[in-house]
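Pasting a structure here, questions to come.
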Amino acid sequence: MQLEQENSVIKKNSQLDNRAILLVKCPDKPGIVSVLSTFLYKHNANIIESSQYSSDPENGNFFIRLEFHCENLQAKSADMEEEFVHIAKDYNMTYDFYYRNERQRTAVYVSKELHCLLELLWEWQNGDLDTDIVVVISNHEDARSIVESYGIPFHYIPANKDIRKEVEAQQIQLMEDYNVDLLILARYMQILTPEFVGHFENRIINIHHSFLPAFIGARPYDRAHKRGVKLIGATSHYVTNDLDEGPIIEQDVERVDHRDDVATLKKIGSRIERRVLARAVKWHLENRVIVEGNKTIVFH
Amino acid sequence: MQLEQENSVIKKNSQLDNRAILLVKCPDKPGIVSVLSTFLYKHNANIIESSQYSSDPENGNFFIRLEFHCENLQAKSADMEEEFVHIAKDYNMTYDFYYRNERQRTAVYVSKELHCLLELLWEWQNGDLDTDIVVVISNHEDARSIVESYGIPFHYIPANKDIRKEVEAQQIQLMEDYNVDLLILARYMQILTPEFVGHFENRIINIHHSFLPAFIGARPYDRAHKRGVKLIGATSHYVTNDLDEGPIIEQDVERVDHRDDVATLKKIGSRIERRVLARAVKWHLENRVIVEGNKTIVFH
Amino acid sequence: MQLEQENSVIKKNSQLDNRAILLVKCPDKPGIVSVLSTFLYKHNANIIESSQYSSDPENGNFFIRLEFHCENLQAKSADMEEEFVHIAKDYNMTYDFYYRNERQRTAVYVSKELHCLLELLWEWQNGDLDTDIVVVISNHEDARSIVESYGIPFHYIPANKDIRKEVEAQQIQLMEDYNVDLLILARYMQILTPEFVGHFENRIINIHHSFLPAFIGARPYDRAHKRGVKLIGATSHYVTNDLDEGPIIEQDVERVDHRDDVATLKKIGSRIERRVLARAVKWHLENRVIVEGNKTIVFH
Amino acid sequence: MQLEQENSVIKKNSQLDNRAILLVKCPDKPGIVSVLSTFLYKHNANIIESSQYSSDPENGNFFIRLEFHCENLQAKSADMEEEFVHIAKDYNMTYDFYYRNERQRTAVYVSKELHCLLELLWEWQNGDLDTDIVVVISNHEDARSIVESYGIPFHYIPANKDIRKEVEAQQIQLMEDYNVDLLILARYMQILTPEFVGHFENRIINIHHSFLPAFIGARPYDRAHKRGVKLIGATSHYVTNDLDEGPIIEQDVERVDHRDDVATLKKIGSRIERRVLARAVKWHLENRVIVEGNKTIVFH
């Protein structure tokens, strides 16, 4: 079963029909930029944006993100991809073509704190998140009315550690039904099992309410208050099986002082969380984030 | 023996002769501000700056920092302090009078990395640190020429964990000889024993090259690089017997990205360390910092 | 006619019933803090927060904001205010008592750009803006549905420079009908006449989309782009008869670079505008802002 | 006459012998990256870092900075440059090759405020500014001893508007004698004539002590204080004949408040000036800055 979102409020931008991104990773050696840019040139593709990184010019990996424009891209892409197979083989490349007119499909998970969800909905409505938000999942009913007012399906799935297995089975089924590419944990306060995480490698983005690796785990604002830090922060990262240890995409902080109690830290923190998660999601959707080991390369 | 610094390059500001700070801590209850401000008014002291904080209006402590100006303060201070004893007793106050014309005497400890020492010397030369830097101690010779060029005595004391006891005995003796009030660890890469720390409670300020409590201990930039954080930081704190766990005075961060190797993190970090330590020391010298439990109240 | 907002979604916090703020300005001289704190103490009022500022201890003005808690404040406030008249006379004080349970009534003016309005509504709904938003005025219909969904009356008043007089007469009448204390121009793109401004001295807060005094007037983002600045900003200020020259309450900036076109500057800028206006309004509502000449004192 | 600096304290890094930068500007069209990267590949040059920018893909200019490594570069560079002439002609390119082992020669101009000079000397001594500082010029004697302690020639040239012509003639002669590539005005408080500026187009970097375009001209901190801004800043820009209107390279700001008098603003500002000028100079020396019209493209 494939559910369709009939009433998406966000129109696709037809200017993006002829735009694509080529992400490449391969062992570093001379000539890679030459072969890639010559390939694109031969197909009359104009490079709009190019970012590259060498982990170590001697013996490391080379990463490049090429965003290009090409007339009649949809008609030509199959040929281009077929030809690219040979280049990729010669240079031992891992790669992906992403077409800007093929929007990623996103599911948002939320519990009772709605500020991160609201920020995502707002950015999405403004056209700043190039995605279809196809479903929102929650273990509480709080978000239902706001989510449904945007025409987005809302699924209430109560959750706790005793029924984790059944809950996750139901969630995985929903992800399949909605054909979801990206899962965003927008303050979803449930631990996920390795089975669940394994289904969506590098496709689950979490927001943690501390500047990791400080205050891993529960109640970071309480612990920040107890420790007397002068800055609090938030961290957006991909979810792995090590709690709060996945590759960091983005972090930010704000200044606090001795007068700020835990409630105030939460308020200040909620503003940090909003913008950190929104940036991380935006960069992921624009295919600017590459996971390498337990770190990210982010091509701004 | 009391050594005197003959050639202090920093003149005292005679405008400060009639200025003092009264720091008070006591159980919170109504009337404290009234009694303190009335006390000062009776002595013809004008309040220049006032900052206060209640940890909990119901059942907590009250803290106040009053900076005041009073003609002929030196002649009157003994009487004022004598009278204040009674107020303090009535309200169960812990308190101190600090006279701005009595400069604190500072010792700086340093190893091979000199950027924090240089920043302190610079700020001090500009008149921004109201202290006499009376001695610099190091386990290396690197800093000697720059320190001596400022007319400050430099003591080279080799140190390692096998001779820690003797080294610290020698250092404690020097602190007494120079009559030191404040010890600044400006990237001094030696662990101090509880005996040493116990001699100087809340009088040793350290700069740690991470945003604590992340990356406690050795090699924080290497570990920050390995973890792939997007911000690096520095923390200035009072030294206690728990490594890097003392009360935090100030922290700051800067943005980094995947292109920054460990050497670059150190360079960026050194700029953060410079300003974080300089701010913490300045606030301490202005008696703006109160230690309460394992946290600080900083009255900016 | 006084319109009442029946369906305010924001409940008053009963804990605030016994809380008030005393704002005082007077010529600086010794004893002011003593007399004020003794006055409060005699009335069994406990000072919760105190901030003061002397423009010049020799010959300037003294400003103080005292927030206090007092049991049965509503029963006692008339007596307190009556007694205070004498103190104020002795010290030549200008002053105001603000009771936290008497919420200020706010009108928001908006045109087609809704991000600042939305941020205010959001903060208000979270309980972070202690006010009643009693009416929204716009020269466009865009904001109607969102405003009415919050149960707030929305008035559409078309405006242009040819009908400015009539429009303003209608707006002034509405401000009286709704008994408005504070007007917020949340990207309301109309010039106001001196007559209008004169009705609401230091009670109209505007958000200007540049770091004033740079880019006064129209199209600041276009001009920032043309000038090639590396930071863009926003400024919230009280409206006076000099365009964008009124007392500044708050400013902030973000980093931009050569790749950012005008549309991107507007997007980045809208996030700065949101937070700068929200902070300025919050501080005004908490009576933390004092206008002195063409500048503000903000007691954080 | 060519003066040589015998005692340069900063050693060249031999690892840079085989490194160069190619900066290109040309009308945008497909195939540019292909031809450039293929050119480098043919010469066995490996691209270390690549940054590009299109002012407008339809009809604008294309800019690219390619940093590359090439064995035996010094032996091969003449051939490479000769061959490149043809490519440049085909694509209508303006371009430059910069060899990392050929250090730019820098002159620093300073008046009485030394903080910016000291920051530059410090960064230079740390090896963070890849240049030879060959001379310091001042209209005061204050900087002599510190400059000469670094082994750098110091020239005292009194200046005022009545003798501007003679002073500048002498300065231009010195710039020729020392074969200077870059002039840094590190708080040099003299207006330069169009004749002087014309000799060094896009080669004079100034630090202005405000966030331009606010507070162009004299006494910006006084005017910032008078206006009551909540942020102060500094701007580094190339000098043109329009005072403080040249292309901006870098800007930064810090927060201030009503308590900060003009002296405090200057102190806070001096820290901003130090880092803003140091960054701008560093980027210029690394050939990361391209002037386009009255704006800069900065390839970080």
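The letters A, B, C and D name the chains in turn, as written, and every chain counts its residues from 1.
Just so it is clear, a contact is a pair of C-beta atoms (placed from the backbone, for glycine too) under 8 Å apart; a residue touches a chain by one contact, two chains touch by 3 or more.
Bear in mind the structure is a predicted one, so any value in this text is a computation, not a measurement.
If each hop has to land on a touching chain, what is the smallest number of hops from subunit B to subunit D?
Minimal hop count between subunit B and subunit D: 1.
Among the other chains, which touch subunit A and subunit B together?
Correct list: C, D.
Farthest from subunit D by Cα centre, which chain is it? Let me know.
Between subunit D and the rest, the longest centre separation is with C.
Which of the two pairs, A-C or C-D, is linked by more C-beta contacts?
Contact tally favours C-D.
With chain centres defined as C-alpha means, what is the inter-centre distance between subunit A and subunit D in Å?
Computed value for the inter-centroid distance: 38 Å.
Rounded to the nearest whole Å, what is the centre-to-centre distance of subunit A and subunit C, using the mean of the C-alpha atoms as each centre?
38
In whole angstrom, how far does the Cα centroid of subunit C sit from the Cα centroid of subunit D?
Here subunit C and subunit D have centroids separated by 43 Å.
Considering subunit D alone, which of its residues make contact with at least two other chains?
Within subunit D, no residue touches at least two other chains.
Which stretch or stretches of subunit B touch subunit D in the complex?
Against subunit D, the touching part of subunit B is residues 118, 122, 126, 128, 267, 271, 275.
Can you list the subunit D residues touching subunit C in their complex?
53, 211-215, 227-231, 233, 247-253, 257-259, 294-298, 300
Taking the touch rule as given, give the residues of subunit C at its contact with subunit B in the complex, in rising order.
For subunit C paired with subunit B, touching residues are 29-31, 33-34, 37-38, 40-41, 44-50, 52, 54, 57, 69.
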